[in-house]
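Note that the chains are named A, B and C in the order they appear, and that numbering of residues resets to 1 at the start of each chain.
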Amino acid sequence: MKDPKRLSKIISYIILAPILAFFVAPILWLLVTPFSLRPSLFISISKPTLNNFIRVFQNKTAINAFKNSVIISVGVVLLVTICALFAAYVLSRHYFKGRDILLYILVLFSSIVTGVAAMVPIFMLNLRLGLIDKELGVILTIAGGMLPTSIFILKDFFDSIPRSFEEAALVDGSSPLQIMFKIFLPLSSKGIIVIAMLVFAQSWSNFLIPFILLRTHTKYPVSIAIYTFFTEVGVPDIGMISAYALLYTAPVIVMYFLVERKFGFSFYGGIKG
Amino acid sequence: MQKKYLIGKKAVVLLLIPALILISIFLIFPAIWVLKLGMTNETLTGIKAREPDFVGFENFLRIFSDRFFYNALRISLLFVFGSAIVGQAGLGMILALLTYRKSRRLRTTVQSIVILAWIIPEVVVAYLWIAFLDKDFGTLNVTLSWFGFEKVNWFYNHPILTIVLFNTWRGTAYSMLLFSAALETIPPSYLETADIIGTSAWRKFKDIVLPNIKSYIFTDLILITLWTFNVFTPYLLTGGGPAFKTELLPIYIYRNAFRYFKIGYGSAISTVVLLINLLLAIFYITLSRRKRT
Amino acid sequence: MPWVEFVNVVKRFSDVTAVNNVSFSIEKHDFFTLLGPSGCGKTTTLRLIAGLEIPDDGKIFIADQDVTYKLPKERNVAMVFQNYALYPHMTVRENISYPLVVRKIPKGEIEKRVRFVAESLQISQLLDRYPQQISGGQQQRVALARAMIQTPTVFLLDEPLSNLDAKLRLEARSFLKHLYTELGTAVVYVTHDQAEAMALSTKIAVMDNGCIKQIGSPKEIYNEPANIFVASFIGNPPMNIIPCKISDRHFLVGEQRLQLPIPLTELEEDAYLGIRPENIQIVTAQGDLRAQIFVIEPLGVETIITFNVDSFQLKCLAFEDDIPYKPGDMIWIRFRRDKIHIFDKDGNRIQGSETCDSH
């Protein structure tokens, strides 16, 4: 039996293979090297060891940076999730004059003002506010940048929840607070959790904002710590850096795949930009 | 439509205010303030740090005769064209087409791998590529040498190609996902009709697929252009070197403001980048509004 | 005093007037149906009763109380939404008892009433499931149960059958009619399906464009439609409406002259003649009009025959087993004299037009 589809299948595999190899190769190194006895820049497989991870946990700078990253990310997550939840609820459930203009301004500024394009005024603003070299400055700056997108995603999510749930509760005799806590929040909890995870992943990964706003080594989050590890003078400790990088990357990947399982890829796209 | 009971006027204001304050101070204000900063000769150190002078459009005029600016602009344009429009959109389209109407497992596998490159924190990604491209021990050169190729010093001999390849690898996921989603919106009956008529694969792509996902492609191109224009990660790979050969506009801003402490001049270049962003954003918003109506 | 009363109620949404000066009254024993095409203002009217919308003008009374500006929970109404609005994070039991929980009724009492309502709606076995685990028909009953548990003054039902498939809908309709006799209070029902309205209601208000076109019992609406809109909205297939000219006290339909002496004197030249499909007969002798058969659709019990009269297309319902015609045949048709409706050129029915029988 001849299957005309088989040929096209084989052709597509032949094209796919080198492309996938291109994507896999750099990542493979990250997965293999931390467990290697003699780590090098080449992907070399040897008897697995946890030695590199042990050295990470013995490194005070590395551990301290983890703590700083957690402080910054948790701060951003709390701030963004709560503010975005409030704002998105109002924008989804209440029409007021100027709402569409407000949304337009938010879309416009959130897409043009990137941390990269505005790094100079962002730095100067933090300088004038006395927030240079303070975690608070990093938290507020990242939060301000991520808020509009988070609001849009949450608003879209809220818009997809039929109003009739709240209206039914209203007719059934609920007070506004009961509607909020017994009906609306349970219905939208999925969306809120997703936003919180995405915001966490993004602020956890952020490099530029702490890079320009922080000066003291003990305040560096992991992103800056890794950068100083591989740019500092002398022979870099490849084993430790790769183990550290893997530990740093793991939560992002875990959160991402949790979100993906719940909502598919589309959700991530919105906030990534 | 007014829903009086769900929230009152006072509550509306109270709920909106925290978000609006944060956004106004940390997002909108810097974008406007940068204009004023760009009209001063403010520096981070020295006497001008305390009492900067107003210099009007002097900084902006200087940009036009600054060969480093033109260098950065040229590299940024090459970078956007090579890594975003050719690299990410092209490779994204190829991947979307190759996984279209294929088994779920194949698609999930391909997408997961490409997405990994997209979500790994940028500092880690930079280090992975430094290792990958290392002249003597990097995976790429070692693999190439097995096939008899000579080892290449990628960062030194092909600096622009290097960051273009890197950014293609980094960002293809978005285009691939968008195009995959776009392909899903084509009713299967369109392609099945073509199958019955006996249309060739290329004609199916040109006559049925392309016209149906045109608007997605525009959206994708504008967005990835905007994003790629605002990418800072190559700095972690090359620091802008060698000899300014990978100095993108964002890196040039960084050098002026944070290496030479020229806040005024850095702000002027920032303003230019923000204006380019503004053009792209207006283009994008108009397009997506038209699509909606 | 009426049980529910609307007095000149107006509701606008920015530049659209959804409800335009609507007045009606409902008695305590009424099954009152708001019937009309989508966008006619029927759902807005229902939401005004519930208190989910506040009128821009006019007054609303429920059980002798002015509730125009009252909150929904102060009106003691129960509502079933078109999509049922069953909370997906609560079990069926929690959904049904929710209205009592927020009103802080004692637990034992709630338990008793849930059991009673669940039994009378035959959903006792579903109480511990979640809404997404039960069928559409069951969801509809759960939504009814959540409404019934409240002993409200009025039940408000917003197209509760429209999400069910055709077979289930008929079943649910019968059940609803049976249930109504047990409720013992007024029901306000919104639908766009005229058959539902006819089958269930004691009183129907036909709405179009924010206005009530006619209020009456199903019989009145069917037999004496106030205007062309009502006439052509009710009945399946709907009433045939034929534009015609009146001259010399006779009707001119296209080229043909309809021998129909008219007792009415004040008639203008242009008018419309309305006749329901079941009131047209195909006759072998000379009838009223000459027609050519266009298509024949047998439906089992009845057969729909469509034919052309000059440039008009009419439908007739025949109940014979064998129709001895085929498309293309020229035939004579006859209108039942006591079933003819005459509408003036503005579409309003001329009272007493069905008495223009001459033979």
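By our rule, contacts are C-beta pairs under 8 Å (C-beta built on N, C-alpha and C of every residue); 3 or more make two chains touch, one makes a residue touch a chain.
Given the structure is predicted, the values throughout are model-derived calculations rather than measurements.
K.L.:
Once you count every C-beta pair in contact for both, which comes out on top, A-B or A-C?
P.N.:
Contact tally favours A-B.
K.L.:
Based on CA centres, what chain would you say lies at the far end from chain C?
P.N.:
Here the answer is chain B, farthest from chain C.
K.L.:
Suppose every chain is reduced to the average of its Cα atoms; which one is closest to the average of all protein Cα atoms?
P.N.:
A
K.L.:
Express in whole angstrom the distance between the two chain centres, defined as the mean CA positions of chain B and chain C.
P.N.:
Computed value for the inter-centroid distance: 57 Å.
K.L.:
Determine the centre-to-centre distance between chain A and chain B, using the mean Cα coordinates as centres, and give it in whole Å.
P.N.:
16
K.L.:
How big is the gap, in whole Å, between where the Cα atoms of chain A centre and where those of chain C centre?
P.N.:
Centre-to-centre distance between chain A and chain C: 54 Å.
K.L.:
Among the residues of chain B, pick out those that touch two or more other chains and give their numbers.
P.N.:
1, 3, 5 - these are the residues of chain B that touch more than one other chain.
K.L.:
In chain A, what residues contact two or more other chains?
P.N.:
170
K.L.:
Residue numbers in chain C touching 2 or more other chains?
P.N.:
51-52, 71-72
K.L.:
Name, in rising order, each residue of chain C that touches chain A in their complex.
P.N.:
So the residues of chain C in touch with chain A come to 50-52, 71-73, 77-79, 81-83, 85, 87-89, 98-99, 102-103, 146, 150, 156.
K.L.:
Given the complex with chain B, which residues does chain A contribute to the contact?
P.N.:
8, 12, 15-16, 19-20, 22-30, 33, 40-43, 79, 82-84, 86-87, 89-91, 93-96, 104-125, 140-141, 143-145, 147-148, 151, 163, 166, 170, 176, 179, 201, 204-205, 207-208, 212, 223-224, 226-227, 230, 238, 241, 245, 248-249, 252-253, 256, 265-266, 268-269, 272-273
K.L.:
Chain C touches which residues of chain A in the complex?
P.N.:
Touching chain C from chain A are residues 162, 164-165, 167-175, 178, 182-183, 186-187.
K.L.:
Could you pull out which chain B residues touch chain A in their complex?
P.N.:
For chain B paired with chain A, touching residues are 1-3, 5-7, 11-12, 15-16, 18-20, 22-23, 25-31, 33-34, 37, 42, 91, 94-95, 98, 102, 110-111, 113-132, 134, 137-140, 142-143, 169, 172, 174, 177-178, 181, 201, 223, 226-227, 230-233, 236, 250, 253-254, 257-258, 263, 266-267, 270, 273-274, 277-278, 280-282, 284-285.
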